[in-house]
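Across the two complexes that follow, chain A remains constant while its partner is chain B and subsequently chain C.
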Partner chain A sequence: MNKYTVINPHSKFTVLNTHVHNIDGVAKVTGRAEYTFDVKLPGMLYGKILRSPHPHAKILNIDYSRAMEIPGVYGVVTGKDTLGVKQGIWRRYKDLCDEQVLSVDKVRYIGEPIAAVAAITEEIAEKALDYIDVEYEVLPSVYEPLDAIKKEAPEIHEGVERNINVTRHIEWGEVEEAFGEAEYVREDWFKCGGQAHMCMETRAAVASYTPEGKLTVWTSTQSAYYHQALLAGVLGMREGDIRILAKYVGGGFGGKFELDGAQFCSAVLSKKLFRPVKIVFTREEDFIATKRRTPMFYYVRTGVKKDGTLCAREAKVFTNGGAYTGMGATALYLTGFFHSFPYRWKGYRYDGYRVYTNTLPSTSMRGFGAPQAMFCSEQQIEWIAADLGLDPIEMRRKNSHHEGYEVPGQATIASCGIDQCYDEIRKWIDSKGKLPANRAIGISACGFMSGGIFNWFDTPYSFSSAVVTINQDGTVELHVGAQEIGQGSNTTMAIICAEALGVKVGDIKVHSGDTDHCPADLGAWGSRQTLMTGNAVKMAAEDAKKQLLEFAYAQSGLNIVYDLDIKNGWVHAIARPERGEDFVQLVRKALRGKDGQRIVGRGYYTPHRKGMISPAYSYMLQGVEVEVDEETGKIKLCDSMTAHDCGQPINHLGLIGQLEGAFSMAAGYGYLEYMPFEDGKLMNPNLVDYKMIRATEMPPANIAEIDTYEPEGPYGAKEAGEGLTNPTAAAIGNALFHLFGIQMKECPIRPEMILNALKEKKEKEQEKKGKK
Partner chain B sequence: MINDFNYLKPGTLKEALAMYAEHEDCKVICGGQSLLIVMRQGMISPEYLLDIKHVKDLGYIKFDAKDGLRIGATTTHRAIEKSDVIKKIYPVMISMENKLASIQVRNWGTIGGNLAHADPAGDPGAVLIALKANIKIGNAKGERTVALEDFFVDYFETVMDHELVLEVHVPAPEPKTGAAYQKFNLLESDMGIVATAASVTLNDNGICKDVRVVLGNAGSTPIRVKRIEELLIGKAYDENLFAEAGKIASEDCEPVADIHGSEEHRRHILGVLTKRMLKQAWEEARG
Partner chain C sequence: MEKRLLTLNVNGQDYELYINPKTLLVEAIRDHIGLTGTKRGCDTVSCGACTVMIDGMAIKSCSVLAMQAEGYQITTVEGLEVNGKLAPIQKAFIDNGSYQCGFCAPGMLMSAQALLNENKNPTEWEIREGIEGNICRCTGYNSIVRAIDGAAKGKYTEAKS
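Showing the complex of A and B:
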């Protein structure tokens, strides 16, 4: 059983800071939750997508006349049926919008959509794909960024020199001067792998276009609002004529806030045929034709003083962008930013190059560039400590962020619990005593953001909004645009609303995942919803409460110096809690007093004056105990402890779930989840060959939650669901370093790599002996 | 996507054999844990499926001290795992079954189906060959029994000629016999990247009287390494010999490289596992 401890708890809440089960749990475990897969409409057709077998080719001709002859086939669409819009989330930066989804004249990776068929059954649609004749002119392709950047490499996007898609530069301080102060400098190259998002629910959409010119799309998304707007852009429609429905979503992990083939092709087919069209990706399609975590080559040079004071760091990164930009430009920035975390650098310089290749596009994935950054940084820090004979925890501690620290030009740290994290992990290590000879502990520190301040989407709306409506019986309708994707967003919002309003979680009905009825919100990515939508919900609930308390005050006859409050549905003077009345009674009176108008509270949030990146930062330090079979290279994670600062926990159960989930994904990235390509083709697009930690084999995930207060977050809360994806790969690497003295510069760390490193080490030692 | 097929559901073995004889393009299903995967991938699309899950006469575990163990073809992995007599007499089968996929798969998958599928990475094949098992197969015309080591012909191919697996027979172990099995994988319940089963029988002086080492997923079928038998029979406990046996195992195999490991890596691991399993089986035989 995992241990969960809260260090210095400091809060007094009624609903918040307790253990609340997910409010949609019953619907899910009883099978009543309707996912996109479950949607069935009258006259609905089933769609299938024809995909490119070539990594790079011109499409000369597509002839689907034979497919149309198959009984049951209703229609086929190709790029010619679309407006050919090059789209992307980068509405402010048009040159980064480079993906047509349904290719018009060229394909750039194996799996890219070329045509889509709608038929009365899925079987017929699939069969029809074989009867679409495509004429290609195969072009030379390139798969690795360090090859694609060469002068003679094939051009993947017209006019993009050396296939460099985006560059990002971050710099502060006098870097060379700071290196000059260093007494020890170390440089290393690393290679970080990709990773599949692997949502339980594959990409899916049901699109229904009606003659009135309205489109409704049920889909699996992290942001209903983004998909409403993106579809409007590619279909030439008004946002308001498109309704996105996404009440239940089976996971996102950063892979479901861009337009995907299921959404686009079903919409284009439905618009052509005036029939609802359903497209559900197979698991294989979800692997080969969506996007993935960005593989990166990292060069890191770090200068320190002999006492362990960090002076300067320089990093150069080349990422494998694959065929399109996706969210890769942000991943490129964030990897460079979080590579500096959680330390204070006098001089810091980062240059990132995102390079197009003819492979599956890469994009955001839980951690958003930081897991790669930490794999490199946290191992190098450990090696430096060893090189200098310093205690790795103390060396980290003396250089760490603290409350009030300003990352020059980037961010101000308003809350930071990392110092206590070091204490907790030290205690955990000490409690383990002497480990067996085949085991070692590795640690890794990191931080993460609580939502992005970026508005590449150029939305005119607030980043988050909420509306609270109180019914006559005291029940509450909460409308949010925050997207529930299985992470418990609806529960979090219900808790914040109940706490602010002074009622129970069960009194709140959360409405989300419907663009017709919910306010716009950027959605579930970058760990933004708890802070941003949470602030909007708190504001909306407080607005409604204030209106109610005005009535309460008017009838109370109290001196105006008294304060009123509502707790547990009891409206009372704070100084005299026994004097009060029932919340429902008050609501009824208030309704009468307002001529029957309902009490409606509104709230919104857009970050201001919070720097470049995020309104708040979480911190954590993780220790993992790793066992390695020296003869086979097999890794086993025996135990783990994470000391974690997410500000004020809103819901301990939700927090534990998020941390365990992030840890399993992070560990998978560290030693299991591996995406090998051969000639642009993914070699393991299935769950037999793509290895993920199973529930039955999940290593212990103990947590020490450091309770801090983040002034920008609702009730002091900040990020909790994503940051823990960052440290584990490095922690595993560090355990191997302590066990064998080997340095693992590539992840995921697979058994064969460990054996090779051991062999290399042995050979080097023998060479040394020979010389002596 | 799985193509349409005709579903046949016999009630007795006789009915099953008759139906099977009647349809040539017919595959046998009894849990579908292997079959449905290849059907879904479109690798095969049989016209008929013969579901023998409910055939009464094929689900049993019987043990007789002289005759040994007899397991009916439709016996589930879970039933084997839960069997007291197997736990007592053939504990290696329990440890093998414990790590065969997940409980859900073991609840549904059967021993006959596993062997008939003839995936060289299948766990029971290597273990049962090490235990000198035989397999009874048959069709409407008659039955025959073959040694399990002769049953597998190639990847997903057996000696069966439109026949059904009827029964697995494992001889009663000789006194002072120990057996061990281990697969190398990244997750405990995965199929083995490679695997080794070993069985050792000692005489009263602790000298090796009989030994079998069978390698799993090291070629197109489970591989019985006879050179190791030649090396060890007549010898006393010696860890250097186990290491030497490991070296032989890494030579006498034909593993194929894929994303889970190079050929060299697989040979190396087979050597390590062979060394370890021989030691473990030997120590168990010594008691």
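Showing the complex of A and C:
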């Protein structure tokens, strides 16, 4: 049902580059894995949040005295119980810290928290919400960025002119001169929708504040460290007095590394009541009161030569920022950068405007601005190839990045396998032969980052750290701050540690998701952990190994020109692998030699001098075979092939899972996952009306993995699993273009849009006939 | 509403509960009996995270009242393994990487097992239909389909693993 092939495979490793079962597997298939959703503490109260029914209003008064009379209600908190800190994840930039989470005097979107209740049951807490009386002064609202930037639009944040929250400018080369060289210029407007992260585990937190002034929070997070630091900021506490626990997390996808209502309100309630408080969002709350993928309006002008050489591109983007900044500022930059991918432009100019509106805030989501960028770019490239009568694969190929290419002022590409991706997709298309009349194939190319180099969070710590401790029986404790959210980072780190140390994956216990015991790490976002935490783990394991080998050298009496190594728990001279000793024996001797102190290896990673964006980039090309029912406009995905370069694969089983999963989310973005708003209200905040890919909609996901070597990554590895969220929407659009000649400029591509486009096309054809 | 006494048989064990008659089966299992393997991901009977088996058939436990399940054999994810030995379908999920965050896995495993109880040799399409009621946001389902297919073909029975 799926074909997985590795092109140019290497096999110089013992553990790495094999199929390794996820080390959390037994816990997850037996129900033993305990998520925040499952946490129950003695004396625990249940919290519920009162939310704004208005998209824009002043809060004049909150009276919760009636709620307090209900038996079982322990307490209510409002913005007045907080320090009123305007917080945000871009901590270095005060003007981008704009969200109080529990509003003090004004609400800016429907669903914004106003008060929170704690009671002995969830039912009582929910009932108590009806007895909180809020007086509002409703203000005029605005919902679309192109309306919100008008002079007469209501002001959403005080002093923010025309509601422009962030602007970003990227430019290289002489853009107008490069356009001057173009023999063909095309311009298009696109509209890209939002998307819900839709983690299976909704936002959840259990906060427990105790009289000694310590706070422990179990939460569903992508970065335990971020939440430790963010909570410290809003509660006026020291980071070290806050412990975040997140062993198992039911999905993240970019939506769980900012401070959310569950975390903040449970902490404020617990601090007031000195009892543990649990808040779990309902699915509806998770839809209306978290954040979403950033909706974008894209203007794209592209100039090319008649032979298909790309000359220049200019893009202008207006994003619907919703009520607050969140990670939207990063998405605004990254969409502009990846819009240039994976091509070489002589001149490139991007201007992005993130605009506040009175809607659900938008933020990062798997792909981080790039799925929108590629939906526009990769369709326009396809149309240009058709306009010029060129082969779309060859036109892409001749303009693509290559090893050693420098994106001017932005990035240096140290590894790039895209050229072979074109070969693999061509082969796949050829192998399909003639397709049925209602089917066509669309392709789309892209690239993605392997972790960001930026430090808007203003951490004083290394971006990633790891500690390797070796026990007397040869078992290994690996402490990392990398956050396991299902992507398999615990397994990836265990593999890297085992490979570097020369032991088995089963010898390694990974400790993560606990800020009391694990080193700080920025966490799981921007595809950073494999490269950054992976480098830290490799360094820590090599440090421990070096300490062990010192003892082995001392006792071996070998000539200094010979090297020792450890593989599969066997310590040996590389030149004479049969001569050696058992790893455990060496560990015991080393312990004795160190007067009983355990061997501890330390490692860390922070990118330096790696351009503006990321230390490394993945590349990929995807082909999707699409079938359309002309009567209903319904899309069906029949088959797919992804040619993909993630450097050296660490674990093929994990890699396949990441690619298939990213593809399903990307397909959902392309044609199913639609978030319609009316007067600021999301119209489908439930899983009946919000459609996503189910098992019956998922096509085969064939993969050709191009094995390259990325010098900055651990063992040559780079990003996998986020980048593949980027190409699919455009690939579906391109299939429709080849099937019917229609151009889809809005995503998700919904049936009525296809029917309208077909109708329009028919009318135009008839008009032409009539004229003849 | 007056509380009621009822007995639920979960994973072969009788549990006596004194609960509000409006209590959903999923609430009884998680909150009253304390078996938290079974998850909950929506309020609209849409996601399948709470799927359990009732007399071997897959049922979303948020769609029935606890009282309606009295007298039936209820199986949750905790009931699949026997004396520390994983069931073939659990081994198949591990071998194929058929979960990532793992939140849908308890329900998905129940739908998969119920399908195999009913249909020993499902086609790929029958497998897909069998788990259509379960949302997985992480895997893209194909690895789950491979696992169920492998389990159906006897790849994970005791003798072979």
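The rule is short, and it goes like this: the second predicted complex is superposed on the first by the 770 of 772 C-alpha atoms of A that agree within 3 Å, B and C clash if a C-alpha of one lies under 4 Å from a C-alpha of the other, contacts with A are read in each partner's own complex, and residues count from 1 in each chain.
The definition used in the following text is that a residue touches a chain if its C-beta (ideal position, glycine included) is under 8 Å from a C-beta of that chain, and two chains touch if they have at least 3 such contacts.
Quick caveat, the model's predicted, so the values are computed rather than measured.
Enquirer: State whether A:Met198 touches chain B only (first), chain C only (second), both chains, or neither.
Expert: The answer is second: A:Met198 touches chain C but not chain B.
Enquirer: Of the two partner chains, chain B (first) and chain C (second), which one does A:Gly506 touch, if any: first, second, both, or neither?
Expert: Once the two structures are laid over each other on A, A:Gly506 reaches no partner at all.
Enquirer: Using the superposition on chain A described above, determine whether A:Met683 touches chain B (first), chain C (second), both, or neither.
Expert: The answer is first: A:Met683 touches chain B but not chain C.
Enquirer: Which of the two partners, first being chain B and second being chain C, lies in contact with A:Pro577: first, second, both, or neither?
Expert: neither
Enquirer: Looking at chain A, does chain B or chain C touch a larger number of its residues?
Expert: With both complexes superposed on chain A, more residues of chain A are touched by C.
Enquirer: Could you say whether A:Thr696 touches chain B, chain C, both of them, or neither, answering first, second, both or neither?
Expert: both
Enquirer: Identify the partner contact of A:Tyr674: answer first if only chain B is touched, second if only chain C is, both if each is, neither if none is.
Expert: Only chain B is touched by A:Tyr674; chain C is not.
Enquirer: Regarding the shared-chain residue A:Ser664, is it in contact with chain B (first), chain C (second), both, or neither?
Expert: second
Enquirer: Should A:Gly43 be classified as contacting the first partner (chain B), the second (chain C), both, or neither?
Expert: neither
Enquirer: Figure out whether A:Glu752 sits in contact with chain B (first) or chain C (second), or with both, or with neither.
Expert: In the superposition, A:Glu752 touches chain B alone.
Enquirer: Looking at chain A, which of its residues have contacts with both chain B and chain C?
Expert: 688, 693-694, 696
Enquirer: List the residues on chain A that touch chain C in their complex, please.
Expert: Its residues touching chain C are 1-2, 21-22, 24-35, 37-38, 198-202, 248-253, 282-284, 485-488, 653-654, 656-657, 660-665, 686-688, 692-696, 698, 700-701.
Enquirer: Taking the complex as given, what residues does chain B use to touch chain A?
Expert: Those residues of chain B that touch chain A are 1, 3-4, 102, 184, 186-191, 258-262, 265, 268-269, 272-273.
Enquirer: Would you mind writing out the residues of chain C in touch with chain A in their complex?
Expert: 30, 35-44, 46-47, 49, 76-78, 80-81, 86, 90, 93-97, 99-106, 109, 124-125, 127-129, 131-132, 134-146, 149
Enquirer: For the complex, which residues does chain A have touching chain B?
Expert: The contact residues of chain A facing chain B are 122-123, 126, 631-632, 634, 671-672, 674, 676, 683-684, 688-689, 691, 693-694, 696-697, 751-752, 755.
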